[in-house]
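The next part holds the structures, each set out as structure tokens.
Each of the two complexes below includes chain A, the first together with chain B, the second together with chain C.
Then we have the complex of A and B:
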């Protein structure tokens, strides 16, 4: 691998072009032939000039500087980095899906509407919920949408209320989304067992609380076993239970969230349902809701008529409105639908069974070498703290960086913020035992090195494309675009 | 199940290590009354051959723009997608990486975003750009919220000629916050009505958001609009639905404080409305108020140049409810597609393509005017789109033309009651000249 790949701008040479278009008809024209001068910019945009092959080689080389699921074990907790099936990429590129226009009249896109309807039905079946929208573009967008539906319901009753209760172990998007809906956040601490404490909820639950946001299993990988009791408590005071469904991979087919008293949940199709994460999206964050909240879903809602036609229903007077133009990240919906059809009911359950097995296997093999954050049973991920590293010269970050040298991506280390030096490990069901064994042996070796030769960790990574990067410099002397 | 590698022996060996008798026992953390014991009533599993058949049939229930003569635009533009893009972005190293949290092993994604930010800055003329928003519709409220953080005002002016779906999204976002959203009407030439704007614009205004080219394809006089907010606290937000317009339009030169755009035109394809790509750029002084991820250049411990996610103290994972936005996952791979597209296009390609698009629309307008000069209702210069006044209901025309393979345009009446019988027709380099002529004659001809 080349040790350096200049930016696309550095490789630019005046006069090269990699785009092929029949522009003979306009070759002698200028923009000013079409527009008055005062509407034409003075400084033109400088774009790089490369041949098609230059472009192909540049981006191929860049790709080689990445770790990815396809090349490396990627146990990034909360992110569900499982194999992304290639058939999904094929189906989503079919002409009938990829080349349809979102303003097309409904009778010309019955296939799209049917796919969205059926996907919605499956998501409802998996959760036991009454309504669904596929419009949100990612998990955080789903949180926002769900909370807005709750707010609309309450507002319709006369009082939108003021607060949302969120456990301290929640993902950062939870409080951020609640704030965006105009709510104040009431933070509750994680109880000694690593789950929400019923008494802690009871203490803050009142008629000013619109919703409780819970992640189940929690971001600690632990099932919230008091969830039903807590939901009853919330409902008694007229509030709603919002479930962050980022961890659905742990329970689908084994738990139906409607049974837990959940009123609203978002999926991350880019986690549980194998749509590729693409180095930061696109994602897709459908939400499912209870009957009470259904009238408030964003519009349009996809329906099937008695005659078997599929329609996008706009006439929904109580709807919160649109949260995004068109129908959401449709290409991701095709992928998720393809995956669910491949799995069927047995496959869905097998996914969570094996995801939980894999996480518990790692837990069993590592628990004597690292400190479990909580003793409670783990579901699809296991979280260790840095307690076992106390007294050594290394931190969790160093463990993460040393792992990279062995060709494995690091676990999630930036949250949950309630665990000191958290190492959140989510292997997913698609990893085989050999990979897990290699990972565990590597982690055990690293635990040993932490005591015996800490510099191996603190100076890591050395054999990766880059060693540790200076993040302070990045902020102090910001270079946020190419200067040339 | 081909995606799951576990053999029976694996499962037994792993359970033994764990000290559990069965996989079922691993779910003991779930109270028994909350366990679901039956199989879910989902459709039965399909092996790949049947799966391919089922999805092929579903796709064939649609009429694609490749089979039809498409004249729909309205925020989703049918432009050519070069063959190089798919194989590059489908490389597993790009496709199956997560957000670049470990920069040492994510330089490919990071450098690509850095290059993308550079291109967005060049196109908009702005100083800094983020790594993407979901799309333009959601970038609108994000930009307005950013303006409110800067000037603490609550009254927002939005041009009524902005895509009605974007305006819907704005209303949804601000309904629960204590904001006042007011619309500024358009005049007879299709541009923002200066009198209406002058009346509504004062020092209580947080932001003025104008789409250009607007929903009618009309190019707004952004410089003059920008100059109106100059001496007021209000920020000027420029929204561009087809970024090909950056071939002639620079938001920075128009005085925009925040420039947002829809990037789907840059090689993403129509995809029935998504995934698309929100472009978001602003001035350096506002960077700490900007939503979304930002990549910066720095050095590694050996002094080699490299890239990291930076200014993250704005973001939800650190600031939680005080973050500038709740956005986490964005449109990473779409930003990569746009970067590849722009690298292929270059400045000459951008200009050629823009001219081709201008010429196609000119042809359409000329053809319409041949028989019915007053059918083209807005007189101001336009890009891609043209509003045509029909002498009958749009619905009837659409049905008649649909039979001959046309997707003729968008019916404006449901969004603008005063534009009854008005059709919004979009032309791009993908429309053949013969089809443009035929559509024109069928729309206004006898």
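Then we have the complex of A and C:
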């Protein structure tokens, strides 16, 4: 069904309204008796006028145009679009969580403090790290916070250093965060196996380097098997290893990142721990740190006293300060805690196992129809290049657009930028075999069409609410304002 | 008028250089333009800005991605192609002509010899693919 839905402004008709006010009990007052003249508008606000029924239909129809994890398969690589259990919504709406205020006295919100403490302990256990803060509001915010802690530690030693090493397959947020912390970026190339090359790190590692940022598994969905050796190189020169934990969904329960030499890591609760994202948000990006960095964490830090009380500790002289108002996105913390407690240690491990199994199932079924970017084993996602499309009339973008016609969200495309025409597929552990099969069969059909009837791809999508968009025109001649 | 690609010098980052006296004209290659797809925005440097060889002096944005453009040789910007602000698509249409990006006063024109010839660049491209 094509969308012809106009905005509420377009649908507005003068005098049409959803309610009427009769028999007011309070007498009319003159607004100029209450407000100074310059604050009173002289022209009428142009508000849309619609009946209640029109409004209900309009927004219901709009909601049906959403593509959502709750309706369709969503293999958007790197984003971990997994099912968000409904129990999370129930617990986070409990009165004690939803209707408390961050300015309440600590003794009146012991339950909330306990939840934050327990969640922090869980995240420390999962990673083997010594300290935690739940404040950062998203992954990139966590990166920034972690690097600030590293910088604070180095400054405290007398030299903040100048550079941060980042592999070329990293999320773009890594160099952004490092730059915001005042560091220059040293980019190192991915080796032929799709992972960081020890020699490449050794070549650029010196005593001007504050940190190396690594994503493990990498954005190519490959485990950085040389991580320990690389971490040793970095530590030998007094640097820190920052791990982007965006892909923890592949390793939690199986790998203790502290053992790999990681000094600081952020989680994306909205990816790994089933808090809503992709329009639902807000995000949450707690970080865990090693003992060395712990004194520099943002304050307050939630502690448990010997008497079993929970306190927000503000007396932390070396802290970098606050990075977020109050205690972070608390509602998300409740959801993530619910998820962790629902699963327990065994369940957490099973999540990783299933995420890896599902990605590898897709890899095995599609590898003869699309070109694998790297031969190295896949973890939670699999990346194909556009090599198999060379010589056809279609590009990666067209494959993605055609998928939409089958009611499936496109994978991430053209990222990582180190892979030509990348197709990055992350099914997550919450999809069943039938869904994976349907996706694979569709992808195989599309690969065939690319050769035999390319126009099916290059003109797609046709059956969606919006058909093929002119992306060039949208950017070159944007329409940013509607006249009505 | 478009320049003859065979008479230009090239970098591995897919910029071309054309030297006339002490002034060098810089643009991106046809291959680069094709890889980027339709260019929708070009970020240009300030007039008289000075850059070192290999430094990013601007960026080219397509619907697909944003890519930095690196200066092939050390120099000072004497002129920027103002047409690109309103019509960035000329980079796709005429990368060696109307789609040039900046003119430079080179610090050391002899450094040009260090860049790839047309033949070298073609060879480099075939190895890339």
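One rule holds for everything that comes next: the second predicted complex is superposed on the first by the 416 of 484 C-alpha atoms of A that agree within 3 Å, B and C clash if a C-alpha of one lies under 4 Å from a C-alpha of the other, contacts with A are read in each partner's own complex, and residues count from 1 in each chain.
Everything that follows uses one rule, which is that a residue touches a chain if its C-beta (ideal position, glycine included) is under 8 Å from a C-beta of that chain, and two chains touch if they have at least 3 such contacts.
What you see is a predicted model; the values in this text were computed from it and never measured.
Q: In the superposed model, does chain B or chain C contact more residues of chain A?
A: Higher number of touched chain A residues: B.
Q: Using the touch definition from the top, say if A:471 reaches chain B (first), chain C (second), both or neither.
A: Both partners, chain B and chain C.
Q: Give one of first, second, both or neither to describe whether A:414 is in contact with chain B, with chain C, with both, or with none.
A: both
Q: Would you sort A:461 into first (chain B), second (chain C), both or neither based on which partner it touches?
A: A:461: touches chain B, not chain C.
Q: Now for A:34: first (chain B), second (chain C), both, or neither, which partner does it touch?
A: First partner only, chain B.
Q: Based on the A-chain superposition described above, do chain B and chain C contact any of the same residues on chain A, and if so which?
A: 414, 471, 475
Q: Which residues of chain C touch chain A in their complex?
A: Touch residues, chain C against chain A: 38, 40-41, 63-65, 88-89.
Q: Sort out for me which residues of chain A touch chain C in the complex.
A: 397, 414, 417, 471-472, 475-476
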